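All chains are identified by letter, namely A, B, C, D and E, in their written order; residue positions are counted from 1 within each chain.
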Amino acid sequence: MLGKLLRRELLRHWRCRQDLINPLIFFLITVSLFPLAVTPDGAMLSRIGNGIIWVAALLAAMLSLESMYRDDFYDGTLELLMLQSGSPYSVVMAKIISHWLTTGLPLVIMSPLLAVMMQMEGDAIGALMLTLLIGTPVLSLIGSVGMGLTVGLRQGGVLLSLLVLPLYIPILIFGAGAVSRAAMGMDYSGQLAFMGAFLLGSISLVPFASVAAIKVSIR
Amino acid sequence: MLGKLLRRELLRHWRCRQDLINPLIFFLITVSLFPLAVTPDGAMLSRIGNGIIWVAALLAAMLSLESMYRDDFYDGTLELLMLQSGSPYSVVMAKIISHWLTTGLPLVIMSPLLAVMMQMEGDAIGALMLTLLIGTPVLSLIGSVGMGLTVGLRQGGVLLSLLVLPLYIPILIFGAGAVSRAAMGMDYSGQLAFMGAFLLGSISLVPFASVAAIKVSIR
Amino acid sequence: MSHVPVSNLQDDLILKVDKLGIRRSERWLFRELSFELFRGDIVQIVGHNGAGKTSLMRSLCGLLTHAEGDFEWTEINDLPCLPLYLGHLAAVKPELTVFENLKYHPIAGQFLGDEPIEDAIDQVRLGNYLDTPTRHLSAGQTRRVGLARLLLADTPCWILDEPFTSLDVEGCKWLEQQIEQFAEKGGCVLLTSHQPVHFEKKPQILEIKRPVEALC
Amino acid sequence: MSHVPVSNLQDDLILKVDKLGIRRSERWLFRELSFELFRGDIVQIVGHNGAGKTSLMRSLCGLLTHAEGDFEWTEINDLPCLPLYLGHLAAVKPELTVFENLKYHPIAGQFLGDEPIEDAIDQVRLGNYLDTPTRHLSAGQTRRVGLARLLLADTPCWILDEPFTSLDVEGCKWLEQQIEQFAEKGGCVLLTSHQPVHFEKKPQILEIKRPVEALC
Amino acid sequence: MNWQWFHRLSSPKWFYQISERWLPWVMGVSLVLMAAGIYQGLFNSVPDYQQGESVRIMYLHVPTAFASMMFYMVMAIAAAIGYIWRIKLAHMAAISAAPVGAAMTFLALFTGAFWGKPMWGTWWVWDARLTSELILLFLYLGFISLHQAFEDREVGDRAAGVLAMVGVVNIPIIHFSVEWWNTLHQGATISKFEKPSLDPSMLIALLLMIFAVILFCSAIMMYRMRNEVLSRENNKSWVKEVVLGKQIGKMK
């Protein structure tokens, strides 16, 4: 069941593959706004780069949440899937996994490029990729609850940010913290361990919250 | 005609007045992500604060563009307005003005609070408000063209950012630049003059481009 | 563009369509379609699902570009007079009340006073829902809000795409009457409907046929 | 929840509704509605616009909470068997082709093979559009994609909210036949329609009346 | 097991009647305590040896900060009870607690900022406590906005309930993670306020004010709950009696 549903999601994304690169481009543009707005000074940039890249990744992941349930809700497909699939859990999991595959993973792959633009060093770049790799699935997971809750609301978009961003904060703090420790040559395994625990915890709990959220929304 | 249309827009916003504070909250949260991700160090923050606030204002203005045409497009109201009002120009102007009144203006009013949180000083705060006051109408104007072009597209959201953010860059550079000059006690009237010229230019030209964009979208 | 009240029309001819052809995704829906609309006409466009009825209507309203041929709305003071088009979408804003939906949407180039609006709402039997946000209405009630515009518009032509959808039996009867009255007053109506319609005078039928060269 | 093929039903009773009452925005639509659905039944819900037909159907499918009373779907192996609901929304994804729309949406708890799907598409006369993205279809054609699900689902009950909307004359006839055949096979159908329906055996009528205490 | 008490506890009518009796007392006691606390704080306690008179902001700041966190827990627990056992009264409690908590959070931030200006020379620093309080405000606002965004109050209840349950997991994490985050960086922002061993007169004022504020918030919450009960049960006969009874009382 999960497999087929996942294929459906990926097929849909493939059909609008042009949209796939959009979060990436948003990520790229947002990050490159900062040197323009703040300062082009390299030393400064390399200090603030990790934080900026993490925040931009957060925003890109959040903005692309829209595509998770919104369309399906408005044309009645979400109802149909929840009623007819027999397994709401698989529906939600398929959505979360495909969201990560199409948004989180590309962000991880893209991040070294931006890190170089922000004058970051080798160690820090490695840490950045690693933390994003652990962190982005959490963003997709938590995001799916927020999106599930707001899918039926007009102008859900900005409300979504109000619900989701505060929940993203711990991941942001640990992710960005680990990178800046790495940049200073310190050990950051503590942060990684915490992020890992957070990931495991949310994989096991969050899908149920998402199912509950969607069930609330479709009635 | 314009007056009545504007009243319609404002009434709609008033009906979902809860949504009115959402861009503000997005602005507030986005700005406060940076100290968490980058550094809590006051001296550092006051140097990068102006850039961050400007970027956040840009993003908040952009995200709230959605509400401009999207709903009206999907329920057929936009078609009706363009065909039946007899003056597409007024339709577009009403949308732009109400967008600025409900998004740009609150951002301007809110900005000193964030500036204080970013440890900025009195002069810089004044400059920030002034530049935002001149800059945010431009954001609404340019945004309306981008939104007009993408309104008919699924997942227009991210595509929108791709179209609109690059056009926002000049305003960002001059706006943030003026503030950092003010922070250093320098004269920033050159930047202001440029922004003013930009504003006048876009007020006189952009609405026509928006009308054209919407005409393309509804057919 | 201008919006011309019915009474101002001098000519009897309202619309002249000349060898119109529409193509969607490289396939011709129809070609060489010619017809004329006069005052007092009721024309029903018929054709199976996907024949191109909606496409024809939308292109007459300027909401779709046609591939060949031409059409012309009669002109008054050099300005073509535009029809009132009600399509599949009701153009009703969910967050506004029934009253506000009619009050703040321009119809035929102008905003209307409170009284005619309240009358129209009574006529479509939504009197009790005057101040209900339209998102609280049922499918049929929402359509009725859209139809109330017909009573308020002062244009020489109505273009109605499946206007009977979701209306209950009584509502259909009411709409049929309205259409007849409008035609008697000298307007003309172009409509589609898959369900049988009952007018006193049989409406003219315009059938949309697939052109010979289109094979599928 | 489980999805039970028609043939597995032992009992004749499929749905039992007991004194159901639904309230929307503090107003009772109906109260004390009781009826039963047996195998082979075709029940048409009638009522004017806004009577509460859609609300009743959605709450039977678990898509709306009812205010009082209760209903029960017959159980097989302790699991209630759920109906197939086709509502005002077609549940058709515009970016997928007609074929993919049926292939990748589970119906009655399972995904289907290619052949039955192609057959169903032929039956709803969309054979030529197998690989057309559904956003390129007309209103009636889109509804047909949704209706193809009826042919593929193996559930004991269909709940159809205005299924004839947008269908052309031929399409309506076809759908009426399908409904009759399904009832003969032992399924039961609950439907609404404002336009007249023609079945060999007259359908049962369930009228929704406003409760006395609701005044407006 | 006898669940009678549970059902009784969850009956809005029962709550309405019992709160009618309790509300004046809770409100009264809180006002008395507050008056005493204000007197003690403003006139009867010593100024701080370091901070001088500005220390008196503490008597408002600390109680509101405490109440802000306490009412989040109250709200989340009530929401969870309401969601799991489908108890309407619990949802009403959660909905009524949220604005109270949000107001307290706002007051804590506001008084803190006012205190910060003379003490630290700045309105705001990105210190762990301050930041987590700010995030708490966002969580409250999210809860309130989400609930209001739904048409149907009962659907809104359940949606906001899900959010509160997810959010509560986050509270300790935010609290500790922010602390950890702060110590990671250079120590420019270590809290500039060393907790002084309080003078007894200050301690009394502080305790009085803490209790007063908690009782006051509870009274407001109860008051909001009573309104909520009336507006949600407005078609029940007992509500009609209550409302009509009051009107008759007025007419007399």
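For this structure, a couple of remarks:
Basically, contacts are C-beta pairs under 8 Å (C-beta built on N, C-alpha and C of every residue); 3 or more make two chains touch, one makes a residue touch a chain.
Keep in mind that what you see is a predicted model, and the values were worked out from it rather than measured.
Among the remaining chains, those touching subunit A as well as subunit D are E. Least step count on the touch graph, subunit B to subunit D: 2.
Looking at subunit B and subunit E, the chains in contact with each of them are A. With centres defined by CA atoms alone, the chain at the far end from subunit B is D.
The greatest number of inter-chain C-beta pairs in contact is found between A-B. In the contact between subunit A and subunit B, the residue numbers used by both copies make up over half of all numbers at that interface. With respect to subunit C, maximal separation of chain centres occurs for E (centres as means of Cα atoms). In terms of their C-alpha centroids, the spacing between subunit D and subunit E amounts to 48 Å.
In terms of their C-alpha centroids, the spacing between subunit C and subunit D amounts to 31 Å.
Each chain gets one centre point, the mean of its Cα atoms, and the points for subunit A and subunit B are 25 Å apart.
Each of the following residues of subunit B touches two or more other chains: 16, 22, 25, 29, 36, 39, 71, 154.
Counting partners per residue, subunit C has 88, 94-95, 136 as the residues that reach two or more other chains. Shared interface positions of subunit E, i.e. residues touching 2 or more other chains, are given as 138, 141, 145, 149, 151, 178, 181, 185. Chain pairs recorded as touching, per the definition above, are A-B, A-D, A-E, B-C, B-E, C-D, D-E.
Against subunit A, in their complex, subunit B makes its touches with residues 16, 19, 22-23, 25-26, 29-30, 33-34, 36-39, 44, 47-48, 50-52, 54-55, 58-59, 63-64, 66-67, 71, 154-155, 157-159, 161-162, 165-166, 169, 172-173, 176.
Residues of subunit D that touch subunit A in their complex: 1-3, 58, 61-65, 82, 84-85, 87-96, 100, 104-111, 133.
Note for the complex: subunit B touches subunit C at residues 1, 4-5, 7-8, 11-12, 15-16, 71-72, 74-77, 79-81, 83-86, 218-219. Residues of subunit D touching subunit C in their complex: 24-25, 47-52, 54, 88, 128, 132, 136-141, 144, 162, 164-172, 194-195, 216. If you check the complex, the residues on subunit B that touch subunit E are 18, 21-22, 25, 29, 32, 35-36, 39-43, 45, 116-117, 119.
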